[in-house]
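Listed after this line are the structures, all set down as structure tokens.
In the two complexes that follow, chain A is the common piece, with chain B as its partner first and chain C second.
Coming up: the complex of A and B.
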């Protein structure tokens, strides 16, 4: 049942991504920027999914600290990892657009700088998670997941808070361009959901394997202790 | 034109690499679980 649902969701997500690319090709060419504006149909949804993923990491981290249920930590770590992939795509597609629109690959303007800091810090989340002791991994990750959330409103509001921002504050589209962006947003949202599910399955698998190994060790240790007891 | 195509191609490559890494990690975890404790 779950496998069928999983395959079904993957099929729908990939079909929607395919359709969104088809719409991107057919969408009108923007008068000033030309074809390079079509990068926004992947850049804007990826940026939105990044913020959504990190917000989910924040919420799941709070839930873990409140309940101590391991699944919330798994959701937080999974969302954070998928968010990092979306953030990487934002950082790759942005400069390609900027080269054409601003005549430079990169500029240290507020939105770009704060987003790069966001990417580095959430990358740090994974480094810390994989370096700390197994016993404190979940708690430390959850605290980080909550603390790092402070960056999200900074990225969001950076275009308003600092002067000299080149980045557009908001994107106004109408007609076919707006429809293409809306459809792309829905397609990437579904894709985010299925990839998150896939990542969460890996976390569940790892947890089951670790539990089985611990029980095996406990069983062996118990048998050894009993043997020792009998021998005495 | 080339920048727009490059953005989509790079995004596809990044997703392909990530999904491949997920698959590889799942296979490794399953294999280790089957092998049992060393």
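Coming up: the complex of A and C.
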């Protein structure tokens, strides 16, 4: 049942991504920026998914500290990993667009700078997670998931808080362009959900395998202790 | 009271390790020298370059100070003993952060005149205001640094991890410190960039508030 659901969701997600790319090709060409503007149909949804993923990491980290249920830590770590992938897409697609629109690959404007900081920090989350002792991994990761969230509002509001931002405060599109962006957003949202579910499934499997190994080890140790007792 | 005791203990341990303090001072001075040579000998905007040099050197050298204060906890079971006393974790945090602040302030007292002399900027009249800017930046550095140092305590390559987490987080503080110091050295006043004072205060308070919320959890995870 679950396998069928998984296959079904993957199929729908990939079909929607394919359809969104088809719509992007057919969307009107923007008068000033030309064809390069079409990158925004990937760039904007990816940025949205990044913020959504890191917000989910924050919420799941709080839930873990409140309940100590390992599944929340798994959700936080999975969301953070998926968020990093989307953040990388944003950081690659942005300069491709900027080269044409601003005549430079990179400029130290507020949104770009704060987003790069965000990427580095959440990269640090994964390094810390893999470096600390197993016994404290979940707690330390959750604390970090909460602390790093401070950067999200800064990225979000950077275009308003600092002068000299080249990013628009809000994206205004009409007609076919707006419809294409909305459909792209929905397609990427479903893709995000499916990838997150898949990553979470891996965490669940890993946890089950580790628990089985621990129980097996404990069982063997118990048998050995009993054998030693009988021998004495 | 607990905070004061931890503060005094950390400072005593720092003071006993003269070799470490000398290394810290020489390392930060080397950073100032390297950056001065890189920018000079003809400076385009001495006030800007001097303030960037000063704060880069302080922030980099500060990681050594934070790591050293972590060693106090791991050496001879000091951290474990502190936990067994049942001391309030936030008080322990405040004591450690305050000791970190004093260490950084001492370092700043050495580097500030050096940067001022090497770049030929600043005057004694702006010294009280410069001290205020330094206090704002170093409170934030100590607050966030102590929190992240506790997070990275059990990790491998913790100095690197500390830098990865701390430097990006403190960028608003670093920009603020550089802009305010530059304004003081170039114009003798911070009026043009006064907004950065508010940003730095917010960053400082945020670090302290997060530590108040989460430091106990970090400490429990090690128990």
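Please note the rule applied: the second predicted complex is superposed on the first by the 232 of 232 C-alpha atoms of A that agree within 3 Å, B and C clash if a C-alpha of one lies under 4 Å from a C-alpha of the other, contacts with A are read in each partner's own complex, and residues count from 1 in each chain.
Just so it is clear, a contact is a pair of C-beta atoms (placed from the backbone, for glycine too) under 8 Å apart; a residue touches a chain by one contact, two chains touch by 3 or more.
In this text the structure is predicted, and so the values were computed from the model without any measurement.
Engineer: Does the superposition put A:117 against chain B (first), chain C (second), both, or neither?
Structural biologist: Once the two structures are laid over each other on A, A:117 reaches chain C alone.
Engineer: Scan A:89 for contacts with chain B and chain C and give back first, second, both or neither.
Structural biologist: first
Engineer: Does chain C touch more residues of chain A than chain B does, or is it the other way round?
Structural biologist: Looking at chain B versus chain C, the one contacting more residues of chain A is B.
Engineer: Just to be sure I read the superposition right, which of the two partners does A:146 touch: chain B = first, chain C = second, or both, or neither?
Structural biologist: Touch partner of A:146: chain C, not chain B.
Engineer: Considering only touches as defined above, state whether A:12 meets chain B (first), chain C (second), both or neither.
Structural biologist: neither
Engineer: Just chain B (first), just chain C (second), both, or neither: which does A:128 touch?
Structural biologist: Second partner only, chain C.
Engineer: Which of the two partners, first being chain B and second being chain C, lies in contact with A:59: first, second, both, or neither?
Structural biologist: A:59: touches no partner chain.
Engineer: Going by the contact rule set out at the top, does A:97 touch chain B (first), chain C (second), both, or neither?
Structural biologist: After superposition on chain A, A:97 lies in contact with chain B alone.
Engineer: Could you list which residues of chain A make contact with chain B in one structure and with chain C in the other?
Structural biologist: The overlap between the chain B and chain C interfaces on chain A is empty, containing no residue.
Engineer: Would you pull the chain A residues touching chain B in the complex into a rising list?
Structural biologist: 21, 35-36, 38-39, 42-43, 46, 85, 88-89, 92-93, 96-97, 99-100, 195, 198-199, 201-202, 205-206, 208-209, 212-213, 216-217, 220
Engineer: With touch defined as at the start, can you tell me which chain B residues reach chain A in the complex?
Structural biologist: Listed in rising order, the residues are 1, 3-4, 6-8, 10-11, 14-15, 18-19, 22, 25-26, 29-30, 32-33, 36-37.
Engineer: Residue numbers of chain C touching chain A in their complex, please.
Structural biologist: Checking each residue of chain C against chain A gives 147-148, 151-152, 154-158, 161, 164-165, 168-169, 171-172, 206, 210, 213-214, 217-218, 220-222.
Engineer: Any idea which chain A residues touch chain C in the complex?
Structural biologist: Interface residues on chain A, with respect to chain C: 65, 113, 117, 120-121, 123-124, 127-128, 131-133, 135-136, 139-140, 142-144, 146-147, 150-151, 154.
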